[in-house]
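A quick write-up on the structure given underneath.
As written, the chain order gives the labels A, B, C and D, with residue 1 at the start of each chain.
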Amino acid sequence: MSALLPAEFAEFEEYAAHWCLPTETERFERRMASDMDEMGAFYAAFSARLDEAIEFCDKYPLDELPEDVQRLLQLIHSYVMVSMAVEIFHQPKVVDSADAVLRRVKEPRP
Amino acid sequence: MSPRYPKPPEGSWTEHFGLDTGPVSYADSISPSFYERERQAIFRRAWLNVGRVEQLPKAGSYFTKELAVLNTSIVVVRGMDDEIRAFHNVCRHRGNKLVWNESPDEETQGFCRQFTCKYHAWRYGLDGSLTFIQQEDEFFDVDKSQLGLVSMHCEVWEGFVFVCAAREPEWSLREFLGPMITALEGYPFDRLTSRFGYRTEVRANWKLFMDAFAEFYHAPVLHSKQSPDKYAVAAREAGYEAPYYAVEGPHRLVSTSGVRFWEMDPGSLKPMEVMTRGGLFGPWDKADLGELPAGVNPGRCKPWGLDSFQLFPNFVILIWGQGWYLTYHYWPTSYNTHVFEGNVYFLPATNVRERIAQEMSAVTFKEFALQDANTLEATQLMLESGYVEKFPLNDQEVLLRHLHKVVGDWVEQHAGVPA
Amino acid sequence: MSPRYPKPPEGSWTEHFGLDTGPVSYADSISPSFYERERQAIFRRAWLNVGRVEQLPKAGSYFTKELAVLNTSIVVVRGMDDEIRAFHNVCRHRGNKLVWNESPDEETQGFCRQFTCKYHAWRYGLDGSLTFIQQEDEFFDVDKSQLGLVSMHCEVWEGFVFVCAAREPEWSLREFLGPMITALEGYPFDRLTSRFGYRTEVRANWKLFMDAFAEFYHAPVLHSKQSPDKYAVAAREAGYEAPYYAVEGPHRLVSTSGVRFWEMDPGSLKPMEVMTRGGLFGPWDKADLGELPAGVNPGRCKPWGLDSFQLFPNFVILIWGQGWYLTYHYWPTSYNTHVFEGNVYFLPATNVRERIAQEMSAVTFKEFALQDANTLEATQLMLESGYVEKFPLNDQEVLLRHLHKVVGDWVEQHAGVPA
Amino acid sequence: MSALLPAEFAEFEEYAAHWCLPTETERFERRMASDMDEMGAFYAAFSARLDEAIEFCDKYPLDELPEDVQRLLQLIHSYVMVSMAVEIFHQPKVVDSADAVLRRVKEPRP
């Protein structure tokens, strides 16, 4: 399989296949379908290099990110999504959200 | 105990606004017949916000809006003359829905030079005029000039597009908004165009969800997991109070004090908030919006957190001290269901770091809102059961009282008016 | 421009039939109270087709039919004497539904020697007589001869089974059908027994879907993807006109001209049509049905495409020039919902090649009907909104006008008649 | 796996497992659940031999088709179903059909 991410972040390829998702809806659904061990591992691995990943993306203008950098940004977005489950709720679902649903129907790209 | 925020001279906000202090009934939220009266007395008379001008970037841009509360669907379009107009989304030939995409009950948007009905290819200009009838000779005494799309009153204020279903509106849009709202003129809504939009269907009366977002009394309790411990303690000590309330006509406002919780000790913060510099209160790096109009933070709170302007009947503009804003819309679909729309608006991010802080803020907004929406259905069912008829409201819940009062007043005053 | 089909001397079909040419209202399609009047004035008086004799192949064969519009369910059965009878599907003991299978609200069919109630095992003969009461001695003065199933008037015409809910029908079935319909006698309905049946629930008044299938004005527009380009162009040039219309009593007819589009140049054809020799207009290889009765193609169109006979109130027989036919039924379930049934009938295929041409034709029928049904729900909602009250109809839509006129007349004439 | 189709049509075994469906309802649902690439591949592969397949079936009386030939006929029926999507709509769903539904409740067998 060819690389999804810039070579500098090759260590996250295993997560990239799973978590490089362009929309919040997909990221939220992936979180709901994931277990805490999976998400904990991704969270732990990526935490150390989040800042570096942001810096890396910011070498490019936001509207001209190369494809692999766009995927790195998607991975960061997913990391934000996962952090809610890991840091706050300790479960995929929002605590006390019952069966409430809120779909994101519009978002800036990337 | 922290010092409490001063109350108005009457001793409470509730009395200050001349509102009753007794327990309230939610009979207005559980009755199909009351809902019918609300539709006539409120939604067919008031100016309703249906979107923003940025959704119509150029001549020919349009969007549709399903307005079950008005029993109609509309199409809002920017004409060749740059005017924005609203029309009932129905072909004059056989009553078919004119503009739709995949599914006729879903809203859509796009760009076109004219509207063409899918059925018999009647065509309408962007100004609503009927321009083409297929096989016109087969009709009898048909006068195209009499068969344009049926328009709805449409006015724009500060980039917000409003419609009014009344045959003749009782107020211009600016009159309807009144001085408390129009004092927001000059706020850079037109620059805050990076939008995160959310939507859901809620099985509860529209006012009950408005109520849930109309007070901050619940915040440190329901959202305790997300609130920093220190904030929860501080808020509890302060009595969960908001420093400033205002009502004017049917509209209302609450401002909150700004707890800059990123200035708290690190133990209060989640790692992600530190890393992304964003969260509950928005991006930590305050957007530079220049000088703000006088209508913002009218209570001159310092520190200032946010203003929640609740525009009657169903529209909320929530302006954050950090330089961004939210809107909420509550669109009734029946007496016990509605569609909720939430939109988060930021300055367009100029780099990934800013984008991530926005993402963090938007994601956090959603997780909060999911908790706020959680028990609405159960609340609706319990209210409908009717075993309890009256419920107490405290002074921090004064805006709920005002909403239900205004709704009741409008419905009562309209009674007997011919439709 | 192609030559247009000649109009009747009055200048239009609409005037020829003595119909008004002004815009029409669909108030008859959005009102619960009007629907109640329709039920009494129309559906309880008219002969209603509920199926064909082929569904009852031998003595003891039966099927049930849910008739919400009559507030009942019936069972239609072929008796030992080969007579076909219809009964209200209700046990005389406690009013339980008598014949049903998996679910009491679903229709069923089968074969039996007697009907046995699932509740208390009362038994009825195929002629409706009560033959067995469980523990009869426990009853008081019970007279089995007075407790047979309640029958409904039932007559058969050309293999079509009709029922009439009136206590005494005002017309025999043949009188009700009248000469335009009975002139179809001799058409080989009994040979065209290879049936493809379709069913769906539609959230629109029954007449609105009848309207959608009552004109061909929409076809080249809505179905442009399926229509060969050349056909669409030809139809547009000809003004989408149908060459012949007729009305007689409450019934009506439209014939279309036959465009033999497989004789067009190959660019107009889809590869599958060429390969299967079937499609929009049915199998290309015309079924040999022998000489057809005079009632078929009464306008003597040449080339002839199809006749759509619309039998009042809710039954359509559509005879294709290629030697097959369709039926449509529109069964109201409330003022704004109905069940649609479509059946496609061919000669039984004698080999796979014929079978595939039929499959291709049936599949194409469905894809068309899905488009015709698509916005009915939206149309219903938009009509109910009431923002537009009158809609123009052209001369090609004359049959819609006739349907709504006849419905209105029946309802009006019946007003004041005791139920 | 044992063969589903007559040996003469062995090249279509990969499609047979997926598309030999006895009722229109199943075939329509399968079409809705398939992507255009999948259906395009089946359509392209089968087109060349459709006529031959019909001829093959027609060596038997219609009401006495052996089981493997019945499955070949089912594959032809599915090909008809798929052709609508491929030739006309360029998507699985009927264009402009919105959420309309029409169930086939009666059909001749085979």
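Throughout what follows, a contact is a pair of C-beta atoms (placed from the backbone, for glycine too) under 8 Å apart; a residue touches a chain by one contact, two chains touch by 3 or more.
These numbers were taken from a predicted model, which means no experiment stands behind them.
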Most remote chain, CA-based centroid, reference being subunit D: B
Averaged-CA centre spacing for the pair subunit D and subunit C, given as whole angstrom: 30
Whole-Å gap separating subunit A and subunit C, where each centre is the average of the chain's CA atoms: 56
Between subunit B and subunit C, centroid-to-centroid distance (C-alpha), Å: 48
Multi-chain contact residues (two or more partners), subunit C: 222, 374-375, 378
For subunit A, residues contacting two or more additional chains: none
Chain pairs in mutual contact under the definition given at the outset: A-B, B-C, B-D, C-D
In the complex, subunit B residues that touch subunit C: 70-73, 88-90, 92-97, 100, 104-105, 118-121, 134-135, 137-142, 147, 150
List of subunit B residues in touch with subunit D within their complex: 100, 102-105, 118
Subunit D-touching residues of subunit C, taken from the complex the two chains share: 194-200, 222, 225-226, 270-272, 275-276, 340, 342-343, 348-353, 355-356, 358-360, 362-364, 366-367, 369-371, 373-376, 378
List of subunit C residues in touch with subunit B within their complex: 12, 14, 21-22, 26, 211, 217-218, 221-222, 239-241, 374-375, 377-379, 381-388, 391-396
Subunit B partner contacts - residues on subunit A that touch it in the complex: 24, 47, 50-51, 54, 57-58, 62, 65, 73, 76-77, 80-81, 83-84, 87-89, 94-108, 110
